[in-house]
Amino acid sequence: MMKTTRNPDRYFSADPATRNMARELYRNVAHLPIVSPHGHVDPRLFADPEASFGSPAELFIIPDHYVTRMLYSQGIPLEGLLKGDHRQIWKIFCENFHLFRGTPSGIWLMDELASVFGVDEKPQAANANRLYDALEEKLASPDYSPRRLFERFNIEVLCTTDAATDTLEHHQAIQQSGWTGCILPMFRPDAVVNLDTANWEGNIARLSEASGIDVVNYLSFIQALEKRRTDFKAMGATASDHAALTPFTTELTPGDADTIFQRALKGKADADDAARFTAHMLMEMARMSIEDGLVMQLHPGSLRNHNDVIFRKFGPDKGADIPLQTEYTRNLLPLLNKYGSNPRLTLILFTLDETTYARELAPLAGHYPALKLGPPWWFFDSINGMARYFDQIMETAGIYNTAGFNDDTRAFCSIPARHDLWRRAAANWLAGLVVRHIIGSDDADEMIAELAIGLAKQAYKL
Amino acid sequence: MMKTTRNPDRYFSADPATRNMARELYRNVAHLPIVSPHGHVDPRLFADPEASFGSPAELFIIPDHYVTRMLYSQGIPLEGLLKGDHRQIWKIFCENFHLFRGTPSGIWLMDELASVFGVDEKPQAANANRLYDALEEKLASPDYSPRRLFERFNIEVLCTTDAATDTLEHHQAIQQSGWTGCILPMFRPDAVVNLDTANWEGNIARLSEASGIDVVNYLSFIQALEKRRTDFKAMGATASDHAALTPFTTELTPGDADTIFQRALKGKADADDAARFTAHMLMEMARMSIEDGLVMQLHPGSLRNHNDVIFRKFGPDKGADIPLQTEYTRNLLPLLNKYGSNPRLTLILFTLDETTYARELAPLAGHYPALKLGPPWWFFDSINGMARYFDQIMETAGIYNTAGFNDDTRAFCSIPARHDLWRRAAANWLAGLVVRHIIGSDDADEMIAELAIGLAKQAYKL
Amino acid sequence: MMKTTRNPDRYFSADPATRNMARELYRNVAHLPIVSPHGHVDPRLFADPEASFGSPAELFIIPDHYVTRMLYSQGIPLEGLLKGDHRQIWKIFCENFHLFRGTPSGIWLMDELASVFGVDEKPQAANANRLYDALEEKLASPDYSPRRLFERFNIEVLCTTDAATDTLEHHQAIQQSGWTGCILPMFRPDAVVNLDTANWEGNIARLSEASGIDVVNYLSFIQALEKRRTDFKAMGATASDHAALTPFTTELTPGDADTIFQRALKGKADADDAARFTAHMLMEMARMSIEDGLVMQLHPGSLRNHNDVIFRKFGPDKGADIPLQTEYTRNLLPLLNKYGSNPRLTLILFTLDETTYARELAPLAGHYPALKLGPPWWFFDSINGMARYFDQIMETAGIYNTAGFNDDTRAFCSIPARHDLWRRAAANWLAGLVVRHIIGSDDADEMIAELAIGLAKQAYKL
């Protein structure tokens, strides 16, 4: 029987000296609680004490676009993966598990199966049914409810991502339930800020409703956003999050902003309007952050829904979001000149263009007090992605201008595996510095604790 | 005497655990036959059973722009390298062999000299004459004829690259000769598709002749190309190849395409016409591939003939083709939206811009069923180039969305060295995954066989 | 007490075989003299035999924008670092020395403290005062005068960087003093060539004065530059240096150049004028280099003074210069087509965009006889920066198309640490090639000597 390979030294360098040092550093932080300041877990899972993760297919495959896109890329129709019989979906996945060899999904899935569900076998055609039965049984038991796993995972705090129009009712339910798990909302206003969002007008209507402010022009739009930020803060939010095609920033006059906004209300805003309005709103969001203290995050550079056929058939988040070359030095100049030296601002930047690590992001973060760099994101949340991040950012920015780790995941059960991978990668990087006499082991002891949770807690004010 | 350094563990990691595992994996595939699905060897060499490689200068230096450009870069005039006395050319090469230290050319040349010609000395001024004599003698012997070496190299299949206007007479001669070596043509229509090709009108005339279709407009142009693809398929071709300055794709109406084509026939097409026509023809080529089953390859991003003086004096392919920044995400959107999910299409992408590996190519190939990624190309067909390829592509795309190895060479005698280097680099990469417990050794055993020849045979339908 | 970690094997690979070989190669060159062909040390330090480096804050912190920008990035006001009490500045630095963990500044500072000043403790709050006293005492002693340290550092030649309008009086004083240290000027005309320089008209007036040629139009401007190049050569200069926002080159007619120049004299040149004039002047500078033999250097790609508030308050060089994406293949085409094959030209290129290493710079340098690649620059003058440089450039360019090492520093006392780091990194890179049997150890012995000083001396004609 094929066993999964969860060696205690996994992911560390093959070099014995480095590995020994990495193991020691990792041991310092392996059992620290998990701080998850940015992710996409559905708060509903925790609002209802009886909630369950559903079938193995619902837990591991259907919602995980990392998994379905890889299967799709090899010619497996998406219909069968998203809408088929769950046991059959699981079988397809097991038959094709070799596709995930050497990928982060492969690592997370094997780790999750083993450490969360006690399944030590590699999925394959031969054991598909047996594994399905075993997982199904566990998922039906109260020990595998979201709340129980949250406790077992030792999560200190988990932040979700919530639309500016969200009622936050599930967060409210969690907080009023008496359950002690700390789950906080995060303010993500993209769907009202980016004018080219599908059904933007509908979102504006929902914003009016949620804020109690009738959004009829730019001024009331700003007021409504400020109101919702206050609501989010009241529910414990410490951060906002912003996606944009590019990190372009520019400041419009209120009059110009209103002109664009009015065009958008009439359904007449064009692509240039949308780009300029987003660019302006990023500056507004920085201003609001300075006023209300919410940490601001910016995630640019993904061309969403590249495959139009898939988008029309199955909607967004189906693994067809493709990164773009991204430019930060000039694009962020207006925002950073106005707010980058303000001690009240924390702006955490992410990228899908690793060429910007050493060239733009580290020099910017190594200068501007307001800037911190988020962890390697999405495709780069991986062993090699982390190694490149450490190698290309830290020499110029130092670790103290970074924001620790985010798991950024919808897949709740993969959270321990993802944080564990980061802690191992960080320990391995630091071990390499120690054995090459670049830092002392006393330095490394402090740095591993910062990288594991300290920097994240500080950057996100948690 | 300076010996060349052909250690049996060459190119493997210095780390003993990784090296041992790499050696074991390599051993599995070292003696597999060579599958060479893309290259530039002249079929004439095999059409005539008496053909020879000529002098050592003709074999190793004159046609190899990797070699001549390096000598030229150090101030050695190209005249003396391309048109001089052959023994003198060889002498210059030997005197300057230190220039190739640490380069792939250095590796291939030393390996080729040793394993093909039994020459174990590093070329240098002192042994230049002696080596020339030894090589000249061997090259004159029947054991060193192209056909004998093809057999000795254990080549299962070798694909050449042939213009759309090629008569394929040498391929015909090979197939009719009774010799059993498998050499297949590949359809490369750049010289008629790219309107800015030197003497494009002449090429169109030759296309009319070769196809028997009088090419007078866009429609007859398409018919002639389809006819030639059929001819190529009849001779065993399984693939087409396309070079373009950028991977820009767009679909023109037949009317617009014809308007541009007519301008070109009158010698009045401009750079924009050429760019749009190529962009359109890439989509047409994908359509034809879906219809006739030829695998489509795209090699964009080289600015050819950068050094105008050299181009005017010595023609193309003299080592002055320089890569450009390349963008795939937006440029390929039209083609991939129309054809990228079609199960009948295989589109193999190459790049000279390694920044696109992790940012664009792996995410695209990890989504679209039609896409596969070609191996590291040209400047990146090297130890470090392969390491970066494995590290930056495989986590997101997985190996099964890649197309194995191409040697892409004109230098027939370097083929075994190049495939050997790839197999060693692949074994070394997999060994690193095994010793870090990222994959199991059972996984690695299957993966090395795929990387050595399996993926190439499948991707190219060989 | 925290000791700094100056292990004799520092910065070498953790792998024992590689480390042993690196140690051996390093030993060959550790004690070679220092050749520093490009830097920013103030010649005044050596003109006056009594000159001193001032206080510890003046030596280590105030002029070092690598250090002050890192402190500023963590919210420490620049006022207190540049204008405060020196002992207090030193204290802030010591309290925050952890910020430099794993950074090149951290490495240089610890090495400099230990090897130049005998201070083996890591700076921290607790020892700040004691270290200040110890350093202050040493800096006041004659043994720590610039001239004595120059001798102790075993510097064979040190090139400074001097404006085209510089009187070179300090260089004159050094040469007439009878002191034997070899300090040469370098011609840097940016402030008169780049029309958008602050106070450009004033600089032109100073150019008239320094050259004795009344600069009233483009022709007299060129004459004045040629005159100053002659003056610099007379003082021993072997090179010129040029900064530009991009490496764009283009040739204007003398008439067009004069039109722009006249607009500039009237204060009416715009950004496009400045860009085109610089592009043209780069070609002029290549022409002059061919005539007078000065080696030409080009340092493009830094967007200077990104933080406008800091620039207005504290001036340039405060750690707010941020790199930009840079394109060489097309931008240099006019210059390289005209002069790139001229055997009298040496053009040394630098970059802040590492993506150009393998994609553009190595292929260009591996073709054009005039081109050589400068060492990893600025943010990339670091352990990882050097490793990436070796890995991404050498396979295509070979070491003989590179120009060895520059320290490029204002911080005189860090020069030995910087050259030592380069020699260690080069030894380590070569060791990796030897133990993987890519080159022989005989090759490596020759290559390490070239990399340590041979290539720099040859490229800069020293």
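Points to keep in mind about this one:
Think of it as A, B and C in the order they're written, each chain with its own count starting at 1.
Convention: contacts are C-beta pairs under 8 Å (C-beta built on N, C-alpha and C of every residue); 3 or more make two chains touch, one makes a residue touch a chain.
All values reported here derive from a predicted model rather than from experimental measurement.
Overlaying the C-alpha trace of chain A on that of chain C calls for a turn of 120°, given as a multiple of 5. Judged by shared residue numbers over all numbers used at their interface, chain B and chain C contact each other through mostly different positions, with under half in common. One simple way to say how far apart two chains are is to compare their mean CA positions; for chain B and chain C this gives 40 Å.
Among the residues of chain C, those in touch with two or more other chains are 13, 15, 355.
Contacts from chain C toward chain A in the complex involve residues 2-7, 9-15, 69-70, 72-75, 98-104, 106-107, 122, 303, 306-310, 319-325, 352-355, 379-380, 382-385.
Only residues 13, 15, 17-18, 327, 329-330, 333, 336-337, 340-341, 343, 355, 358-360, 362-369, 371, 391-392, 394-401, 432-433, 435-440, 442-443, 446-447 of chain B touch chain A when the two sit together in their complex.
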